[in-house]
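Each chain carries a letter (A, B, C and D) given by its place in the written order, and its residues are counted from 1.
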């Protein structure tokens, strides 16, 4: 391995991006570089207390900003980009959540359209205690409070889509984007297919934690300082986003209705299992059917997200994924601390 | 508490039931009784090896038999039945799974109808080792095999539906039925609304384990000897099935598309959270959004199943559910061993 | 043909049925008989003015009553029942519609569950003028009114389901039931698969007219006097409900999500087209893709309904359906007037 | 009105566009101009016979080209663009359809993902006889043929989306795009909200006809010479695409699942009805529920399309839409012939 550069990027407000695709790069990175990125929260930092109603202080389409895109040297269409999340540090000692008019899983929406008025718009401010590893919830209509485990994650990370498209950062799809899954925590490697010259990686929308499905449409939103490393896997294409952790391989499907997200993720995990183990398709289907888990990412974004996951220990004689790129980056990340 | 009776029921083949509702009771049980029920597997025990293709050896509608129904004394419409799963013992040292023509999540089906021919129908036989706590998968097209953790569960359990209906045992819905979730393991208490005089509880369709979503449509199917206790909670209605474990409260939604199952389960968990803690609805919505999990039960049955769950430890000052009926039955179950 | 009997059936209030299946027959009919059936409206006639809010004057599950079931002689499982709607006469000079809490397409519902309160419950009373052929809409919040064409139809018609089931009359499915399509007007022949000895035909839920999808969940509900004839087609099974008019053949799919209802109906119409013309499956798929229409029945009931239809004149050299049973019954019906 | 210019645009092959948004304009038009546009078929004219399998002769993402975009003078975000289709002439005497691997309503797809192999890919060539007004279908596996009515339409027409997005021409959404409805025939006026300076109108994907839902995923695809006129309606925003014909007003919803497309279209039609007549929302909901139709556009594209439509004659005392812009353009179009 050659000497690694550490690249730090902190966007000015007017450098924030609201699409994947259609943007010029803000910096170049090479395989093996350390990239430290400051990310704003999904409200651009404008919601700081109960009086800051998102629909009033934010202006469409200036929601869910990402930092980037980063041009990854040597990444070409048809390659795979392996992005390892080495660390995700909350940038402030508070996080914020809210309801938002006609957005979320337990409300009618712009698309699940009804004649009902929206739910009340309300803001929740959480205390983050990094030492204790907690996020404190405070009720707004009573004086209850409770500590939840701190579990920082990146909600939105992706590359430029193919087909000359530029997609809102609200959308999760083939290119990644607003995946909104707690599995995108430090220690995870994300595999994304490269669609354009330089890949054009960008990220943002940190959460101090979120529940599965992100029911109210908003996690515990935070600004972060996120450290990542990237590697280009040449000549290997990746259709849908995939994750690898020390324990699991994970395929991600993004679609509506939710069962199509489930189907996409599971067909992909069956193919991946088959490829790593040499099982035929039906044997892999059978094994995943009994050994798999299917955590839901989001049920609020323009595409819903479902993950299909299996423990590597439950696969018979698997090959390492991409020659062990996860372990390699994991080790490199360990060296950073 | 009065002296408990232990009732053992082992159905003859022609006593197996294929609906919830529309059947006369096979036995009476009272709150506090111990009920030991033998259940057949979903194929009625007819699929025992690779040559026993389900579509050939089974005949519609004689699939997914349940044992029962049991008339629960004192259970009336408007009450809730608390069913505690004390023990689920595999009745044989093998289990079986299969693909089934046009059934499952990764195939076109009778309802997600396409012009494609069905996937190949194939049978997998698993070895169950109760001592080791394992279920061994054997590939059919190669010689791979791997041990998976044994995690016995009941796939189908419910009461008679309301509105004079009788529903196939394949269907999960308000009355319970084919819920197909691994959470229905020993140690769990199931709450079901009572719709008819005597509730008419029945159960079957044991699995040695299953993945989330039961992708191929079939778990590791087993006959079981299942021990349960019941209690009637008078004057308290329950709309959708709910579960309680030592750690969690869980609401279950059954519907298509899958997002409606998610919505049902989460609206119910929000209401439940609100009722146990005194949080207002939006505060409960917020807390569940950040603290909840949403395991998928099945994505293959006539209704899909999603669970909404939260750890009791993450609720601020909760009341015990139904005055602690779970803990009480849990203790009673402990005394049985 | 032997001499036809005319059977008139007018149910007493306590004879009304709320399920398909699970009921004893109220009368016997033979192929060729004329059956004249009085049907109540979906509210059992209890909603007669703006003050009669359905959720207050009706009691679950006593909604959507049907008249019957009629035992059809010689109808056995595996046969097809051809039911010709000869005439549908509104029984009163008014009809009624309403919103209903958490029911309908433009509201959250029991299944598309949200935290929003229901829409206002409101009743609309329509004037029916049989001479003029109109149904008059009166606005409730202003003094607008407008005449719509009278187009009487039967919302709910079906046979007993298979598999020992009894299904609520609110549900449309394989057995027919709450199909809620304007195509069920006089002049149409309905084909239903027979599941039980005697078929057990029942019908109700007349509409003076309804829009496609029945958006608010309720048509212009009327009591009717409906005249029909039946014929048993021996040894020919029918999976999903089918219709035939002078102009069209129509397949019906009932499912959620709505695209599955579309898929079911179209796969069935492709198969039917193929069978009538001798086209291979892909040629029939192609022809239906260019020549077909897809009217939506309902988007509010437990299953949604989509029809797939093609003009007989656009099929190359088609065989008559079931040897011309539609034309034959149509002629017989003409003789009744 | 000032003198009208007639602008004719015929794109060279390398001028064809594959996105809405992200492209420089090819010409400028003003309100009142006549715009004559040559459009290629969805295959770029490369599929001309049975041997030209689309998946072999076409290359992703070079499918469904549009001609444009046209910069409309004076069109600003917040305005509405009224586009009147004055004439749609097939440019050749043949049209073409096909199946396409894993695309269409009666096949598993990239999103409704299964493990099944794709349907056979096959091409159908149709004869177009403009004099007779027919499109002739020829079976491929037998020698059947039949004439269908010629009913030319534009499948894809839209403006640049908002939020800095560029969307594939395969997608229908708020900005129009691949709406795939037969209602986009000559004589119809399309209303689209303007999202960017100059609107950036583009169109293509003519069909000699298509069935409702475009079941196989492909209409009878043709190149066209399409004549249109545009008018900018200042200061009036339009959320979802709307149509007006001599007889009807029509709202369009684009979404998955299909019921959300239905909901969007109907909520929009309720609001439009309310606005044109002065009915309150619930009265408008009721009227649309009884008087509306709901033709399906497509059930194959990334978003499905449903239309909600009502006859203007069934609205009580309606105002003309946008001061009669449809009638005005209709008259202008009549003057062109």
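Convention: a contact is a pair of C-beta atoms (placed from the backbone, for glycine too) under 8 Å apart; a residue touches a chain by one contact, two chains touch by 3 or more.
Listed by chain with UniProt protein names: A, B, C, D = Acetamidase.
Everything numeric here is computed off the predicted structure, so don't read it as measured data.
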Any chain that touches subunit C (Acetamidase) and subunit A (Acetamidase): B, D
Contact-richer chain pair (by C-beta pairs counted) among B-D and A-D: A-D
Maximum centroid distance from subunit A (Acetamidase), chain identifier (CA atoms): C
Distance from the mean Cα position of subunit D (Acetamidase) to that of subunit C (Acetamidase), given in whole angstrom: 33
Gap in Å, rounded to a whole number, between the CA centres of subunit D (Acetamidase) and subunit B (Acetamidase): 48
Mean-CA-position distance for subunit D (Acetamidase) and subunit A (Acetamidase) (Å): 35
Multi-chain contact residues (two or more partners), subunit D (Acetamidase): 106, 112-115, 119, 256-257, 263, 266-267, 270, 282, 285
Contact set on subunit B (Acetamidase) toward subunit A (Acetamidase) in their complex: 97, 99, 105-106, 119-120, 122, 124, 135, 137, 139-142, 144-146, 148, 209-220, 256-259, 262-263, 266-267, 270, 277-280, 282-283, 285-296, 299, 304, 306, 314-317
Interfacial residue positions of subunit D (Acetamidase) with respect to subunit B (Acetamidase) in the complex: 106-108, 112-119, 257
Subunit B (Acetamidase)-facing residues of subunit C (Acetamidase), complex: 18-19, 21-22, 60-61, 110-115, 162-168, 253, 255-257, 260, 263-264, 266-268, 270, 281-282, 285
